[in-house]
Structure formats: structure tokens, C-alpha cells
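Listed below are the structures to be examined.
There are two complexes below, and they share chain A, which is joined by chain B in the first and by chain C in the second.
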Partner chain A sequence: MRVLWFILSPLIALAVGLFFLGLSRRIMARIHWRYGPPLYQPLIDILRQFTQKSVSHGRLFDIGIVLSLAGSIVLIEFLPFGGVCPMSSSGGMLVILYVMLLMPLGVALSGGEAANPNTSIGISRNLILAMGYELPLLLVLLALMTRYETISIVEIVSAQREAGPAFVSFPLVLSGVAYLLILPAVLGVRPFEVVQAPQEIASGPVAEYGGPYLALVTIQHALSLFIGTSLFVNLLWGGASNPVVLILKMLVVFVLVLFVNASFPRLRVEQAVRYLWRWPSLAALAGLILVATIGR
Partner chain B sequence: MDRNELMKWIKAPAKMAHKYSLNAVYFCTGCGIIEVPPTITSRWDAERFGVVPSATPRHANLFLITGYVSVKTLRAIIRTYEQMPEPKYTVGFGSCTINGGMYWDSYNTIKRLDKYIPIDGYIAGCMPRPEAIFVAVTHLWTLIDKDMADGYKRYRKNYAAYRANQEMVLGKLEWPPLFPKETGTGTADGAAMAMDVASHTTGRTG
Partner chain C sequence: MILGLLLTVAFGGALLTYLLGKVSSKLRDWFAVLVSLALVALVVSLYGKTLSFPFYEGFLGMPLTLRVDGLSWLFAVSASAIGLLSVVFSLGYMKGKDRTSFYYSMLLLVNAAMLGVVLSGDLLALFVFWEIMSWSTFLLISYNGGPALTAGMKYFVMSFVGSLAMLAGVLTLHGSFGTLEFGGVAAGMSSASPGYVLAILVLFGVAFWTKNAIWPFHAWLPPAHSEAPSPFSAVLSGILIKMGVYGFLLLSFVLVGLKSFVSLGGGSVPFHTVLSVVGAITILLPTFIAIFQTDAKRLLAWSTVAQAGYIILGISFATSLSVAGGVLHFLSHAVFKALLFMVVGAVEYRTGGVRDLDSLGGLIKRMPVTFVVAVIGVCGLIGVPLTNGFVSKWLIYKTLILERSPFLAFAALFGTWGTILYGYKFLHNIFLGQLPQRYEDMERAPFSMVLPMTILSVVVVLFGVLPGIPLSVVDTIGVSFGFESLDVSLWGLASDSGALNTVNILVAVLVGFVVVWSVFRSGARGARVDQSDSYAAGAAVPTDRYQYSVRFYAPLRGMVAPYLKDLVDSFYVRLAGWVGGLGDGLRRVYTGYVGDYVMYIVLFLAALIFIQTTWSPW
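What follows is the complex of A and B.
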């Protein structure tokens, strides 16, 4: 059964991620007062990209994107998926933090091989943005680890099942607020869409991908949407006892993020870092102090 | 529109996917680009049919050249076209891409774009309305269905002739040939000879 989940959970994650992609295009279209593409438009796009011929820019260009995709698949194995977690016995949040780095790193490696100036700008923006949101993210994770006295994400989920979601429990409210404030940056949507920014830097790191490479990038993007929302739901909204409830909770979070995406214009990268290091970091720091002094 | 017919998807998935996922590079050469924003935004919403603008030629499979092409932009158009992954479709928008339009006697515009890159279809008019883009897209669907949108194959086949035409206007090109020269054995039947080059080099003839 557990072996089955090893294979099944990335596939479900892919299906959910693609559904999120289609849903985001649809909801954005409705907010723009448009009709929008069908829900399965990302599938059509991926099929089209797989059947196109493209050029490779070198060995690292091929390997990097596979590394990024592998990183996201491994990460999904570590995330609790509504009662089941394929890699529950090992790792914990520290492994998740390390493996999370593989996703932008792989794209950076392979995009760098293409030697497109837009790609370089996109990669540097990606790293700057990651520097911006990882400070509050680490503070939030520290607060969670202190509160529940564990580094295992599975135990955090089960502790929340007994005591209610962390987001609404008293000492972790500030951490929850901080995580909500950085969630658009973690997912890379507006106002933190500085990495892709099609109108400015021609899709940034993925500017040079075409054909099957672009299909892999789209799949990786879908998986990263799943990871971002799933991490939030598991850490602060108590996870779920079965996958359906988890996906429903993720859907709520994702639609909220989409409304933020539709409402705000894109920030410049230094404005984004200034914001991320000010209010979310302050809230996360205050939350950590609160938890460390009275919350345990 | 046969997007919801499952049998067609099973029979020819690649063809259907190419039809209903047209990611377009809008080459904003001339006044034609003013018709594109209403097309892709809420007034006409081209995304219903899977037509979305893409920021880079590597992501795209539809090349829309909107308006006159000066000699200087021709260089960028050729490079953009050659960077797009195959299969790719090209549509000339407006009279200027057909015969020069109101720039028919200009010294530095291209009269027939088809001589330099293969065009799968034209939208005539000055200016065509945004609806004309939808008509063009439906025509393109028919062409893809019948395997008649084969501009990229013509380019490969007649590459020598196209390259010769390009070099006649632009002088020596600084990038290497896209295909080996010997594969492109086609002659003037695929790429018409660059007649307006003479007027470009020797002065106005109009």
C-alpha cells in the first residue's frame, strides 16, 4: 500500500496542479469579465508542447530541468497527503527546506546554460525573492517547531488534529498571519510575480524553453503550486484526515491567492524585498517570541 | 469548433493540440498592433479559443506580423521566426504584408513578406477588424486539419531560396544557416524571387 502511494501521490499532485492552473486561468478570465479557456486548457498546452520540436542549449540545459522536476517530486513524497505520507518516517521539515531549494536551483542551472540576458535577470530576481520570503518563512517554521516541539511535519499535523488548526490557536496567530502575507511570494503570483514577469523580461528563467522542455517546465509549475498550497494547509490549517478534504482546503487557499493575484499590480523586486522583510518578518518574529515565551 | 469531440482527440491528438493551443507572438511592426489588445482582452477574449500572447518565440507556435515590415525589422522577424519550435504557423495581418499596402513605394519597407519567410495565410484589410483575427484563426484550424498549414515545411524545403532572398535585402546575415544549405534545394516555386530588392538597391521604381 505504501509503495502504491509513492507512485500515486505525485500523480495526484500533478492532476491537482494542472487543475489549479486551468482554474486560475478561468478565474482570472472571469475577474477580467472574460469567458476564459476551458478547464483542461493546460492539458492541451502540454500536449502541444510535447509534440513540438525544440533545440537544446547544452547538456546542463537538459539536466537542470529534470533536476528541478525531480526535486518537486521528491518534495511531494515528504508532504503529508491527507492521512498518508509516503516518507513519513524520515526527514521532516529540515529536509523539506533543503529540497525546496532544488526547484529554483534546477531551473537556474539549466536557464543559465541558455545565456539569454532575460534568463539571467529572472534567475537573479528568483534568488533575491527567495532571500526575501525565506526569512519570514524560517521564523514561522521555527515558531511551529517550538510550539509543537518536533521537526516532523507529520507530527505537527497530528498535533493540530488534537488541538485545532495552528492558524487559529492563540500563540501561533501571528505566525499564521505572517505566512498568509508571504504566501503569494512563495507561490510566485502577483504582486510578487517578479521572476516570470512576461511583460518585462519575457518570462524570465523559462524564456529559452520551447517544445518538450516547456512542457516539463509547465508540469514543474503545476507541482510547485501543489507544494506551496499543500505546505500551508498542512502546517497551519491542520492538514486533513483524507486527501479529498486536503484538496478542498488547498482549493480555498489557492482561490484566495488568486484574488490577491488579480487585485494587485506587480511590485519591483526591491519593493518586494522591502515589503517581505518588513511586515511579514516583524509578524513572524513577534510570533516566534510569543511562542517561545508563553506558548510552550 | 470541434474541441469537445473526443474521437478526434483520440485519432489525432497532436493536430488537435496544435489547433487549440495557439500561443502567439504578436510582432508589433506597424499600426496593426492596435487591433490586438482588444482581441486578447475582455472585449473579444481570444483566450476562449486557446489563443494567448506569449512573451518569447520559444513558447509560441503562431506568428502574427501586424503591419508593414521595414528592412530593419525584417532581420528581427527572421530571427524570431527561426527561433520558434516547429510546427509553427505564420499569419500576415493587413495589406502591408501582402503587397506593401500604403507603403508600396517606400524605399525601406518589404513589399511581399512571403519572399522572406513562409506565410500560411493573410488577413487582408487596412486595418482588419479584431473579428478578422478570429476568422483567420478558424481558417488556420481548417488548414491544420487538412495539413495545408505547411509553411515551416516549405521553409525547410526551399531554405536556400529564402536565405538568398534574405541576403539580397539585408546583405550578409550574421547568423549561420538554420538548415544545411544543400537540403534547401527548392527554387523560385517556393520562395518568389526578391523582385522588390532591385527597387531597394537602385532607388525608387514606383
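What follows is the complex of A and C.
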């Protein structure tokens, strides 16, 4: 059964991620008073892109993007998926934090070989933005790990099953607020859409991609939407005992983020970092101090 | 006996190399390699042994001894191995430079002195070797002259202050216990008062922390590392500054002992917690400074300071996991930082001494192997899973979180994100982006450089996938300090709250990669295009240099730069200026004219007579 989940969980994640992508185009369209494309449009795009022409700038250009996507798939194996977690005993939260890094790093290496300043600017922004949200995010994660005295995400979920979701429990409420405030940045939607910024830097890191490369980037985007929302639900909303409930909870979070995306214009990267390092970080810091001083 | 042979080979080899250089440079090169190889073989043969050997009787009435145990073996084997690789790397790098015989013999002398330091069985021998090491290091740092000489002086002055403190410590211990042999000192220390222990810790600590460049003793390191010849930078950063770590471990856990080290300073603010905080500061500040460096070696140098912070944080936190993490991180850092300095050395060698991150770029096309090893080195530095840096940092993070020190853990984790920023900048600005026209016909790095770099990168991955190999050695050291043994297996650790299994991660990454690769390959193949064929969203692509690497993190810089002044360094510089001013003032008094001195004496006597006649105090 566990072996089956190794294969199933990335596939379900892909399906959910693609559904989220289609849904986001639909909802954004309705907010704009348009009809929008059908829900399965991202899937059609991916299939079409696999047969289309593209350019390659070298071996690293190919390997980097594959590595990035492989990183996302490995990361999904580490996430609790409604009661099952395929790789629960291989390093816990700390490994998740590090594997999360393979995604931007792979794209960064691949885009670096593209020798296009637009990609380099995008990557530079990506790393700066990550630095920006990593500060409050780490404080939130440390508050959780300190509170539940474990570095295993599975144990964090099971601890919440006994004591109720972390988000509404007393010492962790501030951390929950902080996480909500940075969630759009983690997912890379507006107002934090500085990395791709099509109108400014020609889609940044993905400027040189076409055909199958673009297909892989879209898949990766879908998976990262899944990872971002799933982490939030598992860490602060108590996870779920079965996959269906998990996906429903993720859907709620995602739609909320979409409304933020529709309501705000894009920030500059330094404005984004300034925001992230101000109120969310203060809330996260206060949350961590609270957890560290109150104890069990 | 074998210890005596080791020392003879090490020091004799250094001298002979210089003499052979007078005869033939080729012979000298091979001899230098042979000596370093022999040293590695001799040290390896000492594995698992505990020996003691008095090599000189009656120096000031005390015997000088050599000894080996688990701790000194680990440091000795890393020192001799990095030394060997650096000598091999030098074969190409130093070709055609002048004073090469001097260079090689100094390199071997530093190596010999390091072996002496870690194999010393008493504090007097340690001090003697420590001084030989400091002096020969100074000569190598200032080898290039010019700014290197200034950097060397800065190192020398700071190192000298450390040595004086250490000498005072040695004399104090001898005065108290009448012996300088480790066992005797440790026996004496166990009944010493806490104030005395603290004084000894600080006296020796100043020497060790200066060598290890712990904040606020770090000021010498960035200029010294960037100005030294690259193969020596590898030794300097990889292993030489880690002599401070060795000294610190010896001091805290062998001489002072685990119990009194941990209990020192009372309940609320124990001494070792203060040290952990210093370690955390040493991680954060230099990391942010490194992000904005434009000189490749200076970037690595600041990163060395930051990584030393992880080591000190791990060791001074003083639990079995954290000390294992700290010691393991010493080993990891020695490997990947030596590798990265060699990468810069190879780039310097082929580009004619350029290491400015703003003017390089695109070298992946000319030096593909160097690029691959650089990526592996940077991954180790960041601590990407499946590299050695990951395991050591994982141990440190895990302890900090589970022992409820989330703020220290935060410093360590956030420092890692800074590491990603400067690590990627290092790779991008040297190897990625557009290749400037002047490097279009550049050759690959020579074999004598590629070989040591490849060996080091293999070690980075090997110790990352099978961390049990180094961990088992580290574990025996921890046990000898009085910690409980860790549950080490070949692929990591098994414990109740969050185990580590690197093999699982490896398999998952490999399978993931293969699956994605085959999906990717099933699609249409991309046409290979030139670097100038790039997309600018309709705008015209300039024909000359089209690259974004200058001011790579400019938006971030605008935000944090005002807070990044190295106040400690400016304090030292002001102190140096003040001492210089004092010297000038003194020179005005000590004019060197006999007449003036006679006048001072007469004035002094007159003052005495005046005082006696007026108040008659005597």
C-alpha cells in the first residue's frame, strides 16, 4: 500500500495542481467580467507544448529544469497526504526545507546558462524574495517545531489532531497570522509576482523556455501550488485524516489567495521584502517568543 | 616511534624541498608531492591507535611529547590530505612564478607545523608548533607582496596577540600544576575553581578564536584569504584556521572537561551559551557581508567566517548531537571550502589572475569540469541534501530545535538562506551568463588542478550519501569526551524524534530525476542555439556584452547595507591608528640624540631635587 502511495501522491498532486491552475484562470476571468478558458485548459497547453519547437542553450539548461521538477516530486513524497506520508522517516521538516530549495536552484542553474539578462534579473529577484519570506516562515516553522517538540511534519499533524488546529490554539495563533500574511509571497502570486513580471522582464527565469521546457515549467508551477497550500494546511490547519478533506481545505486556502491576487497590483522586489520583514516577521517573532517562554 | 618518523619526514621534507629547488625544479616538485603523500600514508596508518612518544627530553626541564588519539587523528588526516591536494594543485598554479622553492618549502612547513599542533602531547610542544605555524603562514600570506603584505601584517598582529594570551595561559598552568602534559593538566583542572577555569578558557580561547576567526576576532581573515596564493587559501581556509577548532575542542573537553565546561558560569547565563550566541552572530553578520562581495575569494573568505560560526555554535552548545555536528561540519567545510578556493585558483590561472565577479561570466562553456565541481562545492556549502554539508548542518539544527533554542536555530537556518544567495552569485557571475569575447579561446583547467578538485568533490558527495563513514570517527571522539554514543548507521542516524536516512533521499531524487528526464525527452527536442540568440520580448538584443551580474542583489543591498558596517574591523583599524599615533608621539620624545637624553636625565634629577627640597618626602 505504501509503495502505491509513492506513485499515487505525485500524480494526485499534479491533478490537483492543474485543477488549481485552471480554476485560477476561471476565477480571475469572472472577477474581470470575462468567461475565461475551460477548467482543463492547462492540461491541453501542456500536451500541446510537448510537441512544439523550442531552443536549448546547453546541457545545464536541460538538466536544471529537470532537476527542479524532480525536486518538487521528491518534496511531495515528504508531505503528509491525509493520513499517509510516503517518506515520513527520512529527516522530517529540515529535509523539506532543504528540498524546497532544489526547485529555485534548479531553475536558477538552468536559466543561468540561458545567458539572457532577463532570466538573471528574475533569478536574482527570486532569491531575494525567497530570502524575504524565509525569515518569517522560519520563525513560524520553529515556533511549530518548538511547540510540538518534533522535527517531523507527520508528528506535527498528529499533535494537532489531538489538540485542535495550530491556527486557533493559543500560543500559535500569532504564527498562524504571520503565515497567512506571507502565503501569497510563498505561492508567488500578486502582489509578490516580482519573479516572472512579464511586463517588465519578459517572464524572468522562464524567458528562454519554449515547447517541452515550458510544459515542465507549467507542471512545476502546478506542483508548487499544491506544495505551498498543502504545507499550510498540514502545518496550521491540522492536516486531514483522508485525502479528500485535505484537498477541500487546500481549495479554501487557494481561493482566498486568489482573491488577494486579484485585488493588488505588483510590488517592487524591495517593497515586497520590506513588507515581509515588517509586520509578518514581527508577528512571527512575537509568536516564537510566546512559544519559547510559555513552554508546554 | 612512528610519530617521531612522521615529524622527521614532515620537517625534514620541508627543508629538503628548499635545497632540492636549488638543483632542479622538476625534482623538487615531485619530491614535495612525495613527502605529502608519505605524510598521508603515515597518518592513515595511525588509525584507531592511541600512542604517546616523548621526542625531546628536558626542554627547560620538561619533556616534549607527541601523542595520537581519535581527535588528533581526524585533524591530522584532514590536514595531511588537504596539504597533499594543495601541493598537487600548486604544480600547475605556481608554474612560472618566482621564489617557488620558498613557496613549496613553506607550504610543507605549514603542513608539518599543523601536524605538530594536533599531535602534540603537552602544551609546550603545542605552543612551539603553534608559533612555527603562525610564522610560516604569515610568510605565505604575504608571498605576493603589495596588498598581500598589508593583509599578512594584519594577520600577524592579531595572531601575535593570540599567541601572547596563549603563552600567558601556558605559564599560568605550569605555575599552578607544575606540568604541561595534557593528562596532568586535566587532573589539575578538575579541582580548580570556576574563576580559574574561566581565566584559562579565555586566555587560550583568544588564541584559538583568533585563529578560527570567530567574531569579534575575524578581522584578519577576509584580506588574508583573498590575498594569499589560491592553493594556500585552500589550506588556510580548509584546515589551518580549524586548528582553532582543534584547540577549542582540546581545551573544552579534554583539559577543562565536559562537566566543568557545561556548568561554568552558573544557571541563568552559562558560559557555553554565551559562546553559542557568539557563534550565531558569527553566522549571520558575515553571511550578509559575503552576499555583496565582488571579489570571488573575498566572498569565500567571508563565507569561511560564517561557517566557522556553525562549528563553534555546534561545539559550544555541548550536547552529543551538536558536538558531533560541529566536528563533522569542520570536516565538511575543510573539504568543500578547499574545493571552492581551488576552483577560483583554476579560474584565476586561466584568465590571467581575474577573480572579479563583475567581469567574469559564461566560463561553463570553457571549463565544464571546473563548473561541475564548483556546483558540488556550492551545494556542500549550502547544505543541499546528499552533500556532506547537509548532514553536519542537519545535526546542528536538530539539536538546537529539540533542545528548545529556537533563536539559535533561526540564526543557523536563516544563515543558510544567505548562503544560497552568495553561493548562486558565485556560480552565476563566474560560470553562467554570456561568455566575454576575450575568453573565447580559453583552455580547460590543467590535469594537475582538475585531479585534486575532482577528488574533493567526490568526497563531498560520498560523505553526503554515506555520512556514516565520517560520523563513526566523530562518534568515537564524542564518546572520548564523555558524551553518549550516537546511533550511527552507514546512511545516517536512527532516533526517536525525526531520523535521517540519506539513502532514501538519494533513491527518491534519482527516481524523480529519471522519471522527469524521460518525460522531458519524450517531447520535441530543443534546437541548440548560440548565447547571442536570446529573447528580449521584442526589444533589440545588444551585440556586445549582454549580461546581468554587476550589483547582482542591488535591491536587497539598498535595504540591508546600512546595517552591515563591520564595526569590529573599523575599531581595530582605529586602534591601530591610535597605537601608531602613540608611537609617533614617543618618537618625538626618543629623538635618538644623546644630548636630548642627557637633558631628560638632568631635568628628571632637577625635578627630584626640587621635590626633595620643597616637601622633603624622602
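Here is the rule we go by: the second predicted complex is superposed on the first by the 295 of 296 C-alpha atoms of A that agree within 3 Å, B and C clash if a C-alpha of one lies under 4 Å from a C-alpha of the other, contacts with A are read in each partner's own complex, and residues count from 1 in each chain.
In this text, a residue touches a chain if its C-beta (ideal position, glycine included) is under 8 Å from a C-beta of that chain, and two chains touch if they have at least 3 such contacts.
Predicted model only: the values in this text are computed from it and were never measured.
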item: Chain A as common anchor, with chain B and chain C clashing or fitting; value: fit
item: Partner chain in contact with A:35 - chain B first, chain C second, else both or neither; value: first
item: Touched partner set for A:214, first chain B, second chain C, both or neither; value: first
item: First (chain B), second (chain C), both or neither touched by A:53; value: both
item: Partner chain(s) touched by A:120 [first = chain B, second = chain C, both, neither]; value: second
item: First, second, both or neither for A:202, with chain B first and chain C second; value: both
item: Which superposed partner A:99 touches (first chain B, second chain C, both, neither); value: second
item: Inter-centroid angle chain B-chain A-chain C after superposition on A [Cα, multiple of 10°]; value: 110
item: Contacts of A:293 with chain B and chain C, given as first, second, both or neither; value: neither
item: Which superposed partner A:150 touches (first chain B, second chain C, both, neither); value: second
item: Touched partner set for A:138, first chain B, second chain C, both or neither; value: second
item: Closest Cα approach, chain C to chain B, once both complexes are overlaid on chain A (Å); value: 5
item: Residues of chain A that lie at the interface with chain B and also at the interface with chain C; value: 51-55, 118, 202, 207-208, 210-211
item: Contact footprint of chain C on chain A as seen in their complex; value: 49-58, 60, 62, 65-67, 69-71, 73-74, 77, 87, 89-95, 97-99, 101-102, 105, 108-109, 112-118, 120-121, 123-125, 127-128, 130-131, 134-135, 138-139, 142-143, 145-146, 149-152, 155, 202, 207-208, 210-213, 215-216, 268-270, 273-274, 288, 291-292
item: Contact set on chain B toward chain A in their complex; value: 3, 13-14, 16-18, 20-21, 23, 41-42, 45, 47-50, 52, 54-59, 61, 83-87
item: Touch list for chain C against partner chain A, complex; value: 362, 364-365, 371, 375, 382-385, 390, 394, 397-398, 401-402, 404, 406-407, 409-410, 413-414, 417-418, 420-421, 424, 427-428, 431-435, 492, 497-501, 504-505, 508-509, 512-513, 515-517, 519-520, 522-529, 531, 533-537, 546-549, 552-553, 555-556, 558-559
item: Footprint of chain B on chain A - complex, ascending; value: 25, 29, 32-38, 41, 44-45, 47-48, 51-55, 118, 198-199, 202-203, 206-211, 214
